[in-house]
Amino acid sequence: MLSKEDNELLCRVGPGTPMGDLIRQYWIPALISSELPDPDGPPLRVHLLGENLIAFRDSAGRAGLLANHCAHRGASLFFGRNEEGGLRCVYHGWKYEVAGRCMDMPNEPTESTFKDRVHLMAYPCQERAGVIWAYMGPREERPSLPDLEWISLPESHLHHSKIFRECSWVQALEGDIDSSHVSFLHSSVGRPKLEEAWQREGSRFWEYEHGDRSPRLEVVTTPYGAIYGARRNAEVDTYYWRIAQFLFPFYTMIPPIGPRAGVGTRIWVPVDDENAMYWQVSANPLRPQEESDRRRWGSGAPLAGEYLPPTSDWTGRWRLAANKSNDYFIDREAQRTESFTGIGAGVNLHDQAITESMGPIYDRTREHLGSADAMIIQARRRLIDAARELRDLGTSPPGVDDPAIYRVRPASILLPRDVSWLEGAREHLVARPGVPVSSV
Amino acid sequence: MLSKEDNELLCRVGPGTPMGDLIRQYWIPALISSELPDPDGPPLRVHLLGENLIAFRDSAGRAGLLANHCAHRGASLFFGRNEEGGLRCVYHGWKYEVAGRCMDMPNEPTESTFKDRVHLMAYPCQERAGVIWAYMGPREERPSLPDLEWISLPESHLHHSKIFRECSWVQALEGDIDSSHVSFLHSSVGRPKLEEAWQREGSRFWEYEHGDRSPRLEVVTTPYGAIYGARRNAEVDTYYWRIAQFLFPFYTMIPPIGPRAGVGTRIWVPVDDENAMYWQVSANPLRPQEESDRRRWGSGAPLAGEYLPPTSDWTGRWRLAANKSNDYFIDREAQRTESFTGIGAGVNLHDQAITESMGPIYDRTREHLGSADAMIIQARRRLIDAARELRDLGTSPPGVDDPAIYRVRPASILLPRDVSWLEGAREHLVARPGVPVSSV
Amino acid sequence: MLSKEDNELLCRVGPGTPMGDLIRQYWIPALISSELPDPDGPPLRVHLLGENLIAFRDSAGRAGLLANHCAHRGASLFFGRNEEGGLRCVYHGWKYEVAGRCMDMPNEPTESTFKDRVHLMAYPCQERAGVIWAYMGPREERPSLPDLEWISLPESHLHHSKIFRECSWVQALEGDIDSSHVSFLHSSVGRPKLEEAWQREGSRFWEYEHGDRSPRLEVVTTPYGAIYGARRNAEVDTYYWRIAQFLFPFYTMIPPIGPRAGVGTRIWVPVDDENAMYWQVSANPLRPQEESDRRRWGSGAPLAGEYLPPTSDWTGRWRLAANKSNDYFIDREAQRTESFTGIGAGVNLHDQAITESMGPIYDRTREHLGSADAMIIQARRRLIDAARELRDLGTSPPGVDDPAIYRVRPASILLPRDVSWLEGAREHLVARPGVPVSSV
């Protein structure tokens, strides 16, 4: 349970809010590089942390993220012409380069110096690991990107996918560090199709999961956020430990399943207070993505079905065909006989449905948290405390000035019953280039 | 005319409002029994008095009405599995029986006693006369149902129908105790089709109605609400009296027309401040509903045309195909030559159109009430006074502790001109099982 | 740039706002006469200055503009019957003539005098030059219509067209007194189709426009508003002057192009704070509109493509098929190779797109105005000052009591470089019946 004040502080991300300011300390994934495929291509509307921005790629291939409204009289730069070296407003021809400098102001007398005094709000961008990252914060000297393992991999080893989710970013994130729901929300009734698939991939995950549906959770704070170990009975002398990470401000590393597990992360980027973009970064530490990996994702959203046709609206892309307006195509008969939810298109859609069903921002004063929610409690506490310390003391939040702390991994391992999980898993939780993830 | 304050008090029905508290003193019709046909069937979204609730029927056939959000972290129970004896949240498997008790909490350790301390908000339900009634009020010991004549009839003698109306419940109700509109809103131009139908059924209603379109209204308060007699000239030595009832908090009994008239009522249940559910209870005091009765209702809404296909939304059922978005299919040529409104599908649709056309909550400070509005004035006064007395003095409103006062009827009768209507109609206004309604 | 306070004052037009009160001093174009074609025809919903009104034409052909809600209990008069001499509410039969007097109240006793005390809010209308004008102001004795040149022409010489625009009236109007955008927003890339068309009509407009895209602007206040001359280099010893007018409260006269230019005006009528109706009055001072003129307008909106099918909603008419929901059918390839905007259907649609793209009411505290915006600055200042003077001192705004000041014209002329434009253009700027507009 949170107080009303803490709930507001946790969820609101607009300019000037404590959590919005905290997130703006970090580089933020704004677009997949391929969303702006070509130099001088059409601009895109982007809604990020409650702000309306226009993204474009200039003639030199640099990505830019400008304020929507032209500095002159406010025409939208979405209608702009992406010309040599900058984006030109079609109303009076004012032209801006990626950093917001006004390059040309052809409707003013040629001798005018007015254009040198006009600067459009623009957020610095950099491109790395197939992601266009934006810095929406106050520092003149930008911080570094987090040293997440996949960010240093060749793009060929990566696959990015996104799903628009209609609820608060933190409500979405919480579902990802919530070990116990897996035994229910994603479970089968009757023929265990999903379980079979996981078993085919060589994981004993489901066997242990089914055998012990109320795992004991141990949560520890870390320099970069928090970590949990979820302990289940395995063999007579072992425990099955599923270990997951939360990393400031919006990254999660969920426990791996099966030998194909990679070193990606999930990213829960606030679109605004009531919507989030779920990024699934798939990263193979050893080799390029292959045809079989791609088949896994198919043409649609990973484990969530098809997308709706994209639109040019502020939030018109990456929306699922199965969504709250159609109850995610719930099939009540399937719910009786096949799966716990009756929602067919996969685990991501289950998570989507259930976190959206709480409403845009759940009123956390009405919660009843149990021992299974310890990680969620910890992650919220870390975020709230850090936002307060930034606001009140100016303290930089974790990782902004220390990108190396992101060099960690999750794990799924068997350990003898008398071994401490943090001790026993220590080496498995460190990013080790060229070494696969530890995944039972 | 009402003051702004009185208008707000009259119309607002959310939790904690004076009128909302008044209505919550009574049992409230929530669903037709057949809307939850089967034990362990799919749950339904229900919006009632501004609250979002999940209705379900458990394995034993009991109806339940639970809070939408699971007590744990707020997942919607609409997606719940209706299992043996209760509704189970699909997020972490918490399971609730109809009274809101948490029966199972499988994601917590088996030795945990947490579930005994968790209770989900649930409203008591009872089922009677084909209606699922809910009690949303504060009493531990529930009051009785009102002793309306039809509630004691066998279900075979009853027919329930509902229409969703897009305006305040009281605005809708007022149209039902408004005698003088009948001569206009429902009248014909040119060929009097509707009149002919009524005449075929043996009523002299229309003849008197046409002969005297400004009836004299006499209004008297009653223990259960208010009653009016609308007097029209009939034969040389008689008056035609149409007598209608308003009963706390939302029942009306309109004057009968023709010998087929029954002992049903109309119920104006607040969905929220700006929407109402119109219940039409048709009840034959003497015999089961017959094929010819059912034909009268047809497959669609009684005298209002077809329904839109139902949706699973909070207010997705019982909506009319003819609605404000299409101007109720008004036909201007028909308005010139056939009917006063040009709206074809029947009297209920006329009422629907005209009360919705006032807007969701009409600003009653701008009214100009005449002598024809005396009953409306009285009913409002009764409601407002009772809501204030409940709020300020804790006085239970009429009928809550005295269900017998509901044993009344409306009537349409001819009386000698020198006889007081209340005297002359006395025996006709009492519920008399086995005796038809008095209807000229 | 405006302060937040001035921006609010400039844009808000509801009853009781300073700008709303200012505009209500004038006669306001409410409908094209042909929108109410027949006596006793169906009533129309009209949304004007934020008010919901019902327009109808009575048996004598008089136009009326009544409050939406019947004075009795608020039923909408949109559903009314347009009967002999007045509009009758279908709820209880109350009937109103165009001036709002209650003519009949048939549900009250015949001896009642209640109807003599009931008066429905109604705005006086007059019909002139094919326009139904409404007076929504406070004066008992109405002011005169403005003495605009076209108002005295025969209706045969006129053509009215309207386009609904989804932004503040003043944001729309500003685009019309903004000389420098023409060289960008409406310009071509590659094959200059539009320019060719203008040239075919005999104008050297585009030649000068292209040769000098940053005109020097001179702005002067006038008794009726403001005037600008935009100076471009023409021949070696001449300047090309484009002279435009702003006239209180919402008229513009843009500089003419080519010999077919007429003496019409544009009118920017506030629908509400966030929407405007753009009136294009085309007026030939010498002869009736001909087939070739009509072809110019076609079946759709002038230079803006097709209309959406009209609806009966408050703002359901004169909406364009190309609109913000579909990005005005922008064609990015055409934007690269054919026109500056890639928006195909004509100059009016360019203006529509760009002013709507600013949002419903642009936040003018964020503007950066240049020398090219001098006319806009002046027009705003005139409007704001006049609204303040009316509010604080009761001063009647320009033209209300002096209709003759509207006898002016715009012009496009060549003048020797050493001649003052106001001197040189003096006679061209006066309305001269029977003389064509001066247009190079």
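Labels A, B and C are assigned to the chains in the order they are written; within every chain, residues are numbered from 1.
The definition used in the following text is that a residue touches a chain if its C-beta (ideal position, glycine included) is under 8 Å from a C-beta of that chain, and two chains touch if they have at least 3 such contacts.
It should be emphasised that the depicted structure is a prediction, and the values quoted were computed from it without experimental measurement.
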Chain C against chain A, contact positions shared by both copies (same if over half, else different): different
Rigid-body rotation angle, chain C and chain B, from Cα fit (steps of 5°): 120
Separation of mean Cα positions, chain C and chain A [Å, integer]: 49
Sites on chain B at which at least two other chains make contact: none
Contact set on chain C toward chain A in their complex: 174, 180-181, 183-185, 213-214, 216, 327, 330, 332, 335-336, 340-341, 343, 350, 353-355, 357-359, 362-364, 366-373
Residue ranges of chain A in contact with chain C within the complex: 42, 69, 71-76, 78-79, 81, 90-93, 105-110, 112, 114, 118, 312
